[in-house]
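Take a look at the structures below.
Consider the two complexes below, in which chain A is the common component and chain B and chain C are the respective partners.
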Partner chain A sequence: MEYKKTIGIEIHCELKTNTKIYSDSINGYGTTANSNVNVVDLGYPGTLPTLNENVIRTALKAALILNCDINKIMHFDRKNYFYPDLPKGYQITQAETPIGVNGYVMIEVDGTPKKVRIHDIHIEEDTCKSIHYKHHSFLDFNRAGVPLIEIVTEADMNTPEEAMAYVEKLRELFLYADISDCKIEEGSMRCDVNISISKTDELGTRAEIKNIGSISNVGRAIVKEAERQEELLENGEEVCFATYRYDEKNDKTIMMRVKEAGNDYRYFPEPDIPFVEITDEMIKEVKDSIPMLAGERRKEYEKRGITTLNANKIIQNRIISNYLNLFLDTDINFVIASNLLLGDISAYLNKSEKSIFDTNLYKDKFIDVVNKLDKGSINSKVFKDILVDLMETDDSVDEIIANKGIKIISDPNELINVIKTVLDNNASSVSDYKGGNERVIKYLMGQIMKETKGSANPELVNKLLLEELNK
Partner chain B sequence: MNKYLDLSIKEINELLKNKKIKPIDLVNEAIERIENSDLNAFITLDKEGAIKKAKELEDKEVDNLLFGIPIALKDNIVTKGLLTTAASHILDNFIPIYDATVVEKINDANMIIIGKTNMDEFAMGSTSRTSYYGAPLNPWDKTRVTGGSSGGSAACVSARLVPFALGSDTGGSIRQPSSYCGIVGMKPTYGRVSRYGLIAFGSSLDQIGPMTRNVYENACLLNVISGRDDKDLTSSHAKVEDFTRKIGNSIKGMKIAVPNFFMSDIVDDEVKDKVNEIIELLKKEGASIDYIDIDYLENAVTLYQIIGMGEASSNLARFDGVKFGFSIKEPKNVDDLYGKTRGEGFGEEVKRRIMVGSYLLSGENAKIYYNKALQIRNGIRESFKKAFEKYDLIIGPNATTVAYSQDEGLNDPLRSFYDDALVFPANMAGLPGMNVPIGFNNDNLPIGLQIIGNVWDEATMYQLASFIEGKLELNLDPREVK
Partner chain C sequence: MADCLTREEVLHVARLARIELTEEEIEKYRYQLKTLMDDVDKIKDVELKTEERLISPATENATLREDTPGEMLDPEEIMKNVPESNGNFVEVPVMIDE
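This part shows the complex of A and B:
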């Protein structure tokens, strides 16, 4: 009989607010060390916390997205422990009344949907960053007081794939709802995985793997930790209740410290912050502010004919996706639009290091150019030629084409002459076609475009060519 | 030697306005009085800063009643650039880089901060004897305690070293020393005065308040320091109206309650007798007096110990030798740094309270003690609320005794708590409470009356206190009673 894995995940996300959670310092971890710090962040004697309302709203948004019940009267609690990175000797967090409880998120592995229950989501402050150098330790207080939410699942996952799907899903949701930038590698999203294995319904002793550095490593760490636990159990040994880290280089989990039973944080309600009331009005406002999330976007794109692969590519780039969403209420060809955005336009944006919203590719221009490509009045070569002007000038598509001296031959008489010449020069292809080989059409089209230096209206050429061949 | 500081604030104000004197005259006089005093009332005398401020004020218009008046601050109120120790070894080199909100307000009113007063270490105690700098002495009898924890503030106002001081009151620390030293002290409604910059002891109980020679001046100082502060979320948006506005109004028809607990056996007869005299006086004046029971009042001592020490154990965690204050040299590692810095830096009483508080919040204890205490605290709040539906004010003694000997009760850590049984309830309920002197015992030691008001109703308390003060016309200057 196989061991069954039981996995629960705790994720910390830094919230994208302008200022810190309990002071008006800039929320700018990553800038020069100790430049975004005031007496409150330092835990100076006599200082008191304030409460950033945007943190409440952002956390509320996360709780709503994760289908949580909201604690409408909530308070903060102190978690007391000594550590150099903890300025006040306690962390202001939520223990008793987390903003959201009893939520869930739907994940999908190999087409099978699964519900992962959310135990709670609570608000807290980040600690200082410790930097160790030779025999010294340094503290960067820029991170102290950065707002965090912690999302704690029930132990509902059973495979590394499910765990990875959960983390990926959470990341996608939070990115799209503008809650966090969710950069696991940079630490703005941190994953702690709890895992135990058992052959029976009784759960085994769990191990906690802290701060796993990437989504794929979440999977690897689970595989390796489960192997390690299985080996212990098979040898008649016991799993130790402890904290581990995943060592990517050696692909194994390494014990950091044994967990002491009953860690005593002496929680009690934070007396410096009055109870917070979350009103129905606030809930409605926040609900209304939630943009279309990734899952729904994917559906909309696929409905409009975009392949799953391309839909996913677009969703990976939220700005491009937001741009494409401007056209959801138009009837442009989304396949062409998505190809342009993922292809030449992305290449241009990467090269010029611009956001598409900072270019001159206004909504009307984009509709015009997509429609022109759709109708065949321009082709992709022309698009490439006019791209820079489209992005950088206020000229209309027609003006750009005219200014560039790009000629598009849409005169049937002129085109017929070219077609006839090409057919005369490729008699064998013509006979192949007559013999049933339709593939030669592509070759012949190419020859005609070559002859016209790419300026022929491709749709019209196609039509005329077929007429000519079928005569 | 001039005796401007013996004049009333109104008189001083007239002299300043008429340019008969300058602020520097007041500062020089205060400095001379403090330097000639042996009461150990001050931890830090800021001569240089006070003189500088006085000179600056010479060019300014006398814009308010408290302009140019010297004031002393309890040393747990943070002052930018001026040593702030909380009477602890662990902060004996701590020079803050910001001002408490009350300090900004004092500065905005163009008052002159003369120095920082002695107190119990981190305000933990009720005799000021836990100070790292030695106990202050009671101006009425130097062998007696000043009370505490705001003992230095009480002593310096009582001895007429300065007309004004600020104290803080977590469990009677303004009212009890005011009672022992014969001055007027007000612990305002919780939330009335910003706590930003007050070194926290029991955050849900702490409140800064004025300590003065008389009732009117007390109300004037409360006017200066009150009001919502966005830096303190527990400070109230409640409207701040002139606290002197009811002073002088008749107390006829005023409904006053005396809790039976306040006149029970725990109070010395000499104290009760004085309070009874006042009760008779008030009846005669047309106020009604009822004796009532207020539920859970007798539990306030226990609640104070649980809530106060629980919060204190957390509030004092930040003194770890890493960022500010005292730090031991050459620690072996971080745990060694914490252990030794805190072991050497804190005094016995503070360590005792941190340990008791940590125990009370530990694991299951939090439910058994702390959460239970919060429930009973709500009970006290409710029973006071009920009482104030019927009564305007509640009165009783502040202290069970007069100031006792400096040598008494030193080995009894619980003594101070039971001595303070009468002052804790106001902190538990967040209500304003004050002391007004009502006489002396046979040894000529002051006895005080406690007045507890409804939330935000300090003005009515001043009304009654001022009436009593006016009727009694006590000589409250210890220099004249030898």
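This part shows the complex of A and C:
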């Protein structure tokens, strides 16, 4: 009989706010060490916390997206522990009245949907960042007081794939709702995985793997930790209730420390922050501010003929997706639009390090150019030629085409002459075609485009060429 | 009720505070901490007039702060107040685990 894995996940996300949670210093690290710091962040005696409204609203947004019940009257709690990364000696967090409880999120593995229940989502402050070097540790308080939300699941997952799908789902939700950057590699999203194995319905002793640095490592760490626990149990030994980390280089989990009991933290309500009331009005405002999320976008794109692969590519780039969404109420060809955005336009944006919203590709210009491509009145070569002007000038598509001296031959009489010349010069291809080889059409098209220096209306050429060949 | 804490209880508290105690100190604190705890315990004798939870002396709900940056400290000023520094960093003896 196989061991069954039971997995629960705790995720910390840094919230995208201007200032810290309990002080008005800037929420930004990665800049000069200890430059975004004030007396509150340093835990100076006599300082008091002031609660950032945006933190409450952003955390509320996360709780609503995760279908949680909201604690409308909530308070904060002190978690006491003595450590240099926390100079005031306690972390202000939420233990008794987390902002959201009893939520859930739907995940999908190999087409099978599964509900992962959310135990709670609570608000707390980050600690300072410490860098260890030989016999010293160096502290940077820029991170101290950065707002975090912690999302705790029930132990509802049973495979590494489900765990990875959950983390990915949460990341996508939070990115689209503008809650967090969710950069796992840079630490703005941190995953702790709890895992135990058992052959019976009774759960085994769990181990916690802390701070896993990527979604794929979440899967690897679970596989390796389950293997380790299985070996222990098979040898008649016991799993120790402890904290581990995943060592990517050696692909194994390494014990960090035996866990302290929860009551050693001596939680008690934070007396410096009175009760916080979440009003129905605030809930409504926050609900209304939630944009279309990734899952819904994917459905809209696929409904308009975009492949799953391309829909996912667009969703990976929120700005491009936001741009494409401007056209959801128009009847442009979304397949062409998505190909342009993922192809030449993305290449241009990457090269020029611009956001599409900072270019001159206004809504009506984009509609015009997509429609022209759709009708075949310009081809992709012309699009490439006018791309920079589309992005950088205020001129209309027609003006750009005229200014660039690009001639688009849409006169059938003119084209017929070119086609006839090309067919005369390629008699062998023509007989190949008559012999049933349809592939020569592509070659002949190429010759005609070459003859017209790419200025022929491709759809018209195709039509006229077939007529001529079938005569 | 015992009139002093056990040796283990004192050592446990010392470990949470990350301090080292001599044998003499352990003995001394077994009694001192007990006195302290008894003093705090007196709060349990207060007769409550309400069932309502009270977490703060403030009777109003929390006022929330606007998310706009205020003044911050100059790193140089911060370093004047720390025992050891290294460049812009606060330096402390190496922290074990984590």
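Assume the second predicted complex is superposed on the first by the 467 of 471 C-alpha atoms of A that agree within 3 Å, B and C clash if a C-alpha of one lies under 4 Å from a C-alpha of the other, contacts with A are read in each partner's own complex, and residues count from 1 in each chain.
Please note the rule applied: a residue touches a chain if its C-beta (ideal position, glycine included) is under 8 Å from a C-beta of that chain, and two chains touch if they have at least 3 such contacts.
The structure presented is a predicted model; accordingly, all values stated were derived computationally and were not measured.
Partners chain B and chain C, once the complexes are superposed on chain A, run into each other and clash. When the two complexes are overlaid on their common chain A, residue A:Lys5 makes contact with neither chain B nor chain C. Touched residues of chain A were counted for both chain B and chain C, and C has more of them. When the two structures are aligned on the shared chain, A:Asp264 is found in touch with chain B and with chain C. Shared-chain residue A:His119: touches no atom of chain B or chain C.
Look at A:Leu51: by the touch rule set out above, it reaches both chain B and chain C. In the superposition on chain A, A:Arg304 contacts neither chain B nor chain C. Contacts of A:Lys224 after superposition: neither chain B nor chain C is touched.
When the shared chain is aligned, no partner comes close enough to touch A:Arg190: not chain B, not chain C.
Looking at the shared chain after the overlay, A:His75 reaches chain C, while chain B stays out of its contact range.
In the superposed model, A:Pro84 lies in contact with both chain B and chain C.
Shared contact residues on chain A (touching chain B in one structure, chain C in the other): 39, 42, 50-51, 82, 84, 264, 269, 271-274. Of all the residues in chain A, the ones that touch chain C in their complex are 17-19, 23-26, 32-39, 42, 50-56, 75, 81-85, 130-141, 256-257, 264, 269-277. Looking at the complex, you find that chain C touches chain A at residues 16-18, 55-62, 64-73, 75, 78-79, 81, 86-95, 97-98. Residue ranges on chain A touching chain B, taken from their complex, read 39, 42-51, 78, 80, 82, 84, 87-90, 262, 264, 266-269, 271-274. Note for the complex: chain B touches chain A at residues 77-78, 84, 86, 91, 94, 96-98, 100, 195-200, 203-204, 230-234, 310-311, 313-314, 316-320, 322-324, 334, 338, 358, 361-363, 366, 370, 374.
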